[in-house]
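Multiple structures follow.
Heads up, the next two complexes both have chain A, just with different partners, chain B and then chain C.
Then we have the complex of A and B:
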C-alpha cells in the first residue's frame, strides 16, 4: 500500500510538471476582478468594477491560429484583424457630477466614446477604422456604425497611448464620440459575455441590469492595450480591462436612509469568487472614516490597504473573496454600509460648458475651466470636436482668466469641411491658481439638406463633450513604480512623476437647435412653383395664341330688361 | 391673319414642348443602367454541364493478347447521360485513353508511378492470377488516383481491344463512380436548383449534412467547462491542431481557405438535464433530446468578428462533477461508443468524461489533462463529414486503401472538387440569373458600372469554369467557379442596389400633375381647335369645288 501511495504521489507530480509545460506552451494569462465602493458626501454611493485579463501573446505576429483561454475570442480577432495597438471604448448613461462626487476612477463622456491607436504598419487607416467601427457595433450592440468621417478626429496631443510603445504619430489615432447614444441592457449583455465567468460567478453576479440602470450614472468600458510584464519591460502582454462604474442615488434607490448593502444596490449577494480569477477583492474607501465615526461596515474586515489615487492617499477596507473566511458562516457576503461620508476633497480641476446666444442664426460656445488649487497653476489641454454644421468663427476665439486675456501656448485647429469632417480645436492653456478660465467661440448654424436631419430634428443636435486632459499637482507623492502590484483602480493611468497625476475631465455635451424646416415643405414647394409656372405660362400662352378683336359693348342689364318690357308692350326697343 | 398667327404660335409652342421639353424631362429623370450581358446570362441559366474525366487504362503484361495489342494506343469516348429532374443538365463524358504498359507487374509501388493531374484516373488492369490483390477482391482503390482492376479469364475472349473494353466498361464505370463522381453526388451538388424527389430520406439527410460550398471556413474548437470550481482543464489544442487537423486542411487547401481558432468557455451549460440511470449509476443524454443541447451553448460561442465565412463549431464538453459520467444514447438506447454527435451544417459535440481523475480523497479543483488524440479522432471524422468528404460504401468486391496520415486520399479530394465545382457553378448561375431577373423587373434600380463589371466577370468566370469542366481540368474549373461565386455575390449584395429610389407611381404623378396638367391642357385644346378648324376649312373648300 505504501508503494502504491508513493507511486500515486509521483504520478501526480508528473502530471503537475506536464501541466506547467502545457501552460507555458499556450501563453500565460491571468484574470483579476475588483470592486471599489466609495460612499459619497451627497449620500449617494459610487461603485466601480474592474476586471482585468492579462495575456502574454503577440496578436500581430501569429494571426493564423489563435487559441484563447481567458481572453475573449471576439476581441482577440478584432485586434489581430484590424492591427489595433490600443482600443478604448466606453458607453455612458448620465453625466458625472465632478463637484458633487469628486473625480471618478475612470472618466468617460456621456454617450459612446471610441478611440483607437492602430499599428504603424497599417496603410489604409480610414478604411480599417470604418470596418472596425462596424464590427464593434455588432459586438456591443451599439450604433457605433454611425461613426464616419464627419465625427472622427485625429487629436494631436490629447490622446496619447496609455500602453507601451513610442508611436505617437497621430495619423494612426482615431477618436470619435456619439453623444446621443443611449446605453441599456442590450449593451451590458455582450459586455458581460466577454468576462471569463460571464455573470455566473464572482463579482459579475452583481451585474443585474434592472438595478444597474436604475441609477444616476452608469458607465461601462473596455480598454485594450499592450503593457509591460515586468520592470525591465522585456516581455509585453495584452491587457483587457473591463470597467463598470455606477452611482446609486440615495433617494431613488436608498429610500432616503443612509444605509447601503450589496443586496440593496444589486439585489444579489456574493457567494464565491470567479474560480479562474487569480485575485478577487472588494475595496471600500474608508479614508474619512478611519475611526468609524461617519459610517460603519458590517461584517468588519481586518484587512486594510493604502493606495495613492488621484493625488490623494486613501485607505481601504479589503474583502478578499478568494478566502473562504470572507463569506462567514452564512456562506454569503452582504456588505452593509451605514452612514455617509463626511466632506470630500474639492476636485482641483473641473469644467463646464454651455451655448449662449439667441435666435437660430448664430451662437456662442462657452467653456469654463476651474482650477481650485489655492496656489499652483498648471497647464491643461483642451480638445473640442464640433460638427461641421456649426460653423466656428475661429477669429472670435477668446481665452480669459481673472478678467485678463490668457494666450494659449499651443493651438491646433483643423477647420471643418462640409459633410466631410468636423472642426478640431486643441489648445494648451495655463490655468492660474484659484481661477476660472473661460473660452468662448462664436459659431453660425448651417442649413442642412432635408435628408440630413435626424428623425426628431426639433430635439436639437448634440455636440460631443470637450475633453480636458491635464497633469494636476499632487498633494502626496505619486507611486511611479508601475510594475508594483497595486489595486486595479489606481493603476490605469501610468504616472511618470511623483509630483503630479493625470486627470481627464469631460464637460457636458451640448444640445444645439438648428434651423429646422417644415418637412412637408418639399411638396408644398413643388406645388407652389408649379402653380406659379403654370399661371405665367398660361398667360403667356394666351397672349401668343389668342387674337384680340374690338367688340361692340353689349347693352346693360337695365336696358335689356327695359327692352323686354317694351317688346311685350309692343313698343320699339331703345 | 390674326387667327393664322395664333395657330402658328400654338403649333410652335407644341413643337418646342415635344422636341425640347419631353426629351429634357426624360433625360433628367432617367436612372443610370449599365449594360448587362443578358443573353449570356440566359444561356447560362440553362446550365448545360459536361463533366469529363480522363481515365487511363493501363494493361499489365498477360492481360492483353498480341492481336488485341495491335491497335494501341487509342482513344475511346463513352457518354453517360444524366438527367436531373427536367433541368437540362446532362451528359457526362468520359474519354478513355488506353495505353499498354508491359512492365507494370514489376512495379508494385503504384503510388509513385505517375503523378496524374487532379480529376484524372489511372486504372491498372492486372491478370486474374496476380497475387497483388487478396482472393475475393476484384478492385483495389489506392490512396492516389489509381485503381487496380483484376480481369477475369473470360474477358480475354474479345478479338479486339474495343471488344475487351466493352467488356470491362461496367467495371470501369463503377470505379469512376467511387473515385470521381456519381449521379447522386451531382444531384446533391445541384440541390439548390433541383428539388430532390422525396422518398429517399437517407440521401436527403446525407446531402444536407455537409456545409454549403464557400470560399473559406472558420473552424472553432471550444472547450466547455461548466464547472471550473472542480475541474482545472488543460488541453494542448495548439499541438493537436498541428498534428491532426492541419495535414487535412493543407490537403484541402485547393477547395477552400481554412482558419482555426479555439477558446475555453466557463460555466457553459447544455440545454437539457441529463437523466440519471440508476442501474449503471451514469447520466444519459437521449438521442431525441440532443436537438435541445446546442441552443444555450450557441449563445456563448460568439460569432466570428473577423470574417463572414461559415463557422464549423467543435465543442468538447466536460460534464460537471455532479453529472458525471455522462453518456449519449442512440435511438436504440445503446451507448454511443464515441460519446459524440454532430449537427448538420453546424458542427460536432463530444462529451468527455473525467471520472478516472477522481479519487476517494480528491481535493477539488482537479487538474485534468485531456487526451487530445482521442478527441481529435472524433473531431476529424466529423470534420470530414461536415466538409462533404463522403465515404460512400464501395460496391462488393472493392477494397479501399486506408487514407494516409493526411486523412484524405487524392481521389477523395477529387470527388469533393467535382461536386464543389458543380455546386459553385450552380449557385453562381442562380445568383446571377436572379439578379438579372430582379434588375429586369424593377426598372428604377440604378445599375452602376462596377456592378455591371462584377456581373460580366462572374459570367466570364462561369463560362470558363464550364469549359474547363468540359475539358477535364478540374483544378482550373474549381478556381474559376470560386471566382464566379465571389463576383456574383459581390454584385448581388452591392449596397448601391438598395438606394432610396423606389417611389411608387402614384406619388410620382402627384408631383408631376401640378406642372404638367396646366401646361398640357391649353396645348392640347389649341391643337384640337386647329385640327377642327382645318377640317372645317377642308369641308368648306369641297363645296366650292363642286
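Then we have the complex of A and C:
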C-alpha cells in the first residue's frame, strides 16, 4: 500500500510538471462556447452553436508549430502547409427560408461550400487549391475531391476577407460549391473531434446526430481567420470558429406542441461546461417577450444581456454554465420554453431563383431580389457561378426593377470553357426601396459525352446557389469597435460603419435536366445491326457460292443386293 | 494498450503475486524475462496489424440492405478493435440521411428498428460517386494520387491481415458498381496478385455477399487468400426481412446471420474459421454459402476469427529511455508598426472603379498560329519567294 501511494503521488507530480511546462511554453490559447436559441414565429425553433478557439501563434514562421493544445492539430497543419490565410467551409442540409425564419446569424448555401484566401507569398495557387480540397475531403469525410477547375471560380469583388489583412488581391481567392453534397453523421463525427472537449463535456454533449438530422435545416461550418488580439490591433491571433445551426420543425420534432426543451430538441440535458472553456453561455432571445406574455422560460435566470445583431438591438436571457448555480439541485440543466413567439419583422433583403422555360434545349434563369425597406435603397453584389453545360447567352441579360431597366454599376463576366471553367457573373445592382428586382438570363443546354453522366442521370444536374452580398441599413447603430468583448454570434461579420450591416443571402440551388441519351441504345443497335448483317450477308453468300449437283436417289434394298452380286460377277450395275 | 497496462500494474506489485505466472524462484526477480516468454505465446500468429476494406456497391433507396450489410460488418469490426484509421469504408449511396428515410441518421438491420448499425461515430471514407471500380482497385494496389489523404489509403504492409467485404448486385464472374460499371473476377484476382507481389498483405480474408458470389473467388491464384461467398454459381442470394415502416428489405440473409454470429464474438474469444464456414446453412440462407481455403497456408481450424475481425496490438517491451524534445517556444513576434484593420466587406466605390484584372499572357493557341501560317503561305505563293529579301 505504501508503494502504491508513492507511485500515485509520483504519477500526479509528473502530470502536473508536464502541464506546467506546456502552459508556460507556448502562446496562450482560449476557448469559448455558446448556444443561442431563438423561437421563431412559425412555432419552429432556431438553435445556433458556436465554438471559438483563439490562439496567439504564427503558422507562417519557419519553425513549425510543434505543440497543440486547444487548437486542433489537423487544421493547424493544413494552415501552415498550404499557406492559408482564411478558410471557410460549410456543410448544409436543407434550405434557409428567410421569409419564415428571418435572417440567420451565419448564412450558408445548401450542400458544401468552400472558400479560401491564400497568403500572398504563394506562387501556385491552383495546385495548392487542388491539394487542399483533397486533404479537407479526408478530414471531413466529404467528397470535396470533386472540386476542380470546372466548379471553382475566382470572384472579383465578392467574398472579401473576413479577418484582418491589408491585401485584397483576388488572385489569391478561390470559391467552390458542391450543391449536391450530402451531410450526415459521417461529417459530424470529425467535426466534433476538432473540439477541445470533443462531445464529452460542455455544449457539444447536445450534438446527437439522430436528433440533429431530423430537422428542417442543419448546417455545420468551420471558419478560420486571423483576428485582432486587442484594441490596438498590432498583433494577430488565429481564430477557429465551429458553428452549427439547426432549425427544429414544430411538427416533426415538436409533435405539434408549442413547448420546447433541451431534452426534446437534443435528447440530452447539460450537466457541466467544458472544463477548458473560459466562457460557456446559453442565450435565449426574449426581445419580444419582455414581460413574459409570449412564452415562458424555465428555469428562470436573473442574467440579461443586450446585443446588437443583424441591425437590431435584441435582449437575451443568459445562462452561465461555468456557474454551478445554473444547474440547480438536480445538477442538470433542461431549459423549457413554453409558448409562441410573436410576429417577426419582415427581413429587409431576401431572394429567390428559379428556372423558366420548357423542353430540354433552352431555358431561362430568373433571380428575384426583394428590397423591403420603405424608403432606403442599398447596393447588392450578385455572384452567379453557372456550370459550363448550361451555355449562357449574356446578351439576353436583363435587370429590371419596378418595370424599368436598372443598369448595374459594375459587371464582371468570365465566360466558361467547355470542361474547364464555369461561367462567372458578378454584378453590383442598386435596389430601389420597396421593390422587386428581376435578373433574367437565357441559356441553352449542352449534350454531354456519355462517360460524363452520373450513374443516376435522371436526377438532374445542380446549379449552385447565387450569393447576394449587401450592406443593409440597420435599425440601430452598429458597434464598429470590432475587438471589444461581444457575444460570438454578433461578432462574426466585422462592421465598418454604424448605419448598415453586412449580410449575405443565398438563393436556392437549381436542378436542371440535361438531354439524357437512352443508355440501352448501344446494346439495341448492336443486336439489330448484327442480325441484319447476318441475315443479309448470309443470304448473299449462299446465293453466290452455292452450286447445285444432281444426286441419284438411292435404290431399294433388292436392287442394291443385285448390284453387289453383279459387281462380283463383273457385270455393269442396273 | 491493454497488455501494457497489465504489465505496468504487475511490475509495480510483483511481490503480491508469487508464482502467479509460473515464474520460478530466480525468475521472480527478473520478472521481465519471464513475462517476455509468456508474452511470446500470446502473439503466435504472423500478423502485427489489421485492416479492413468494406465496400457497398449499390445505389438507390431499394438497395438499403446492401448499405446495412456493410455497416453491420463495419460495426462488428470496430467493436472488436480495429480503429477507424485502419478501416476503409466505401458506401455508394447515402441511406441514413436520404429523404426517404423515416428515421434520419439511422440504418437499421433488424426489423422493428432494434439495432441501429449506423451509430453515432461512423466515418465513411468513400461515398457516393467516389465508389468506382477504379478507386477500389487503386486502394487495393496502393496506386493513389499523391494528394490522397491518409484516411482514404490502405497503408498495409507485409504483416497486415486484411479483411475485404463486398456486397451488392453481382452475377457469374462480375460485381456491378453503381449501375454503370462492373468488376470482373479476373481483375480482382490480378489485383490481389499485385498486392502479393508488393507485399501488401500477410493474410487476406475475402467475403462477398451477392448473387452467384462464388464465381468471384474462382480465379484467385495468390497465396494466403481465404474466401467466403454467400451463394454458389447459379444461385441467388436472398434478402432477409422487410420492415414495414421503412418499406424496404433491411438485410441480406447471409450477412444477417453473419452479424448474429459476430455479435457473440468478443476480443478474447477463441472461435476459429471452421465456425465461420458453418454460418448460414442452406436451411436458413436458401442459397448454399461457399468457401475456398486451398490457397491458405495455415489450417482454417487454427485461424481465429479475431485474426481478421479484431485488432492485434503487438506490445514490444523495451528498456530504452526516450528523450522528449522541449516544445518550440513561441517567440513574441516583432511588434508590427502599422495597425491591422478588417477589410471592408462591400466597398462600393472601389468596386465600381475597379481596374480590369490583368490577364496572364498565354502563348497563341493553334488556331491563331494556323491562321497566320495560312496567310503567310498564300502571300509568298502569290508574290514569290524572291520578295523575301525586300521585306527582311
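Definition applied: the second predicted complex is superposed on the first by the 494 of 574 C-alpha atoms of A that agree within 3 Å, B and C clash if a C-alpha of one lies under 4 Å from a C-alpha of the other, contacts with A are read in each partner's own complex, and residues count from 1 in each chain.
Heads up, the rule we're going with is that contacts are C-beta pairs under 8 Å (C-beta built on N, C-alpha and C of every residue); 3 or more make two chains touch, one makes a residue touch a chain.
Everything numeric here is computed off the predicted structure, so don't read it as measured data.
*Asks:* Using the superposition on chain A described above, determine whether A:420 touches chain B (first), chain C (second), both, or neither.
*Replies:* Neither partner.
*Asks:* By residue count, is chain A touched more by chain B or by chain C?
*Replies:* If we count touched residues of chain A for both partners, the winner is C.
*Asks:* Would you sort A:66 into first (chain B), second (chain C), both or neither based on which partner it touches?
*Replies:* It touches chain B and chain C both.
*Asks:* Name the contact category of A:78: first (chain B only), second (chain C only), both, or neither.
*Replies:* first
*Asks:* Quick check for you: in the superposed arrangement, does A:530 touch first (chain B), second (chain C), both or neither?
*Replies:* first
*Asks:* One more residue to check, A:135. First (chain B), second (chain C), both or neither?
*Replies:* It touches chain B and chain C both.
*Asks:* Answer with first, second, both or neither: which of chain B and chain C does A:447 touch in the superposed model?
*Replies:* Touch status of A:447: no partner.
*Asks:* State whether A:235 touches chain B only (first), chain C only (second), both chains, or neither.
*Replies:* In the superposition, A:235 contacts chain C only.
*Asks:* Which chain A residues come up in both lists, the one for chain B and the one for chain C?
*Replies:* 22, 25-26, 64-67, 135, 138-139.
*Asks:* In the complex, go through chain C and note every residue touching chain A.
*Replies:* Checking each residue of chain C against chain A gives 12-13, 59-60, 94, 96-97, 103-106, 118-125, 127-130, 145, 147-152, 178-180, 325-330, 333, 335-337, 339-348, 351-352, 354, 357.
*Asks:* Within their complex, state which residues of chain A touch chain C.
*Replies:* By the definition above, chain A touches chain C via 3-4, 7, 21-22, 25-27, 56-58, 63-67, 93, 130-131, 134-135, 137-139, 141-143, 145-146, 156-157, 160-166, 168, 170-171, 182-186, 189-190, 208-210, 212-214, 228, 232-236, 379, 381, 409-410, 428, 454-456, 469-471, 482, 493-494, 496, 502.
*Asks:* For the complex, which residues does chain B have touching chain A?
*Replies:* For this pair, the touching residues of chain B are 2-3, 5-7, 9-10, 13, 220, 228-229, 234, 236-239, 241, 259-264, 266-267, 300, 302-306, 365, 367, 369, 510-511, 514-515, 517-519, 522-523, 526.
*Asks:* Which residues of chain A touch chain B in the complex?
*Replies:* Checking each residue of chain A against chain B gives 15-16, 18-19, 22-23, 25-26, 64-70, 72-75, 77-78, 80-81, 135, 138-139, 193, 196-198, 200-201, 272, 275-276, 523, 526-527, 530-531, 533-535, 537-538, 541-542, 544-549.
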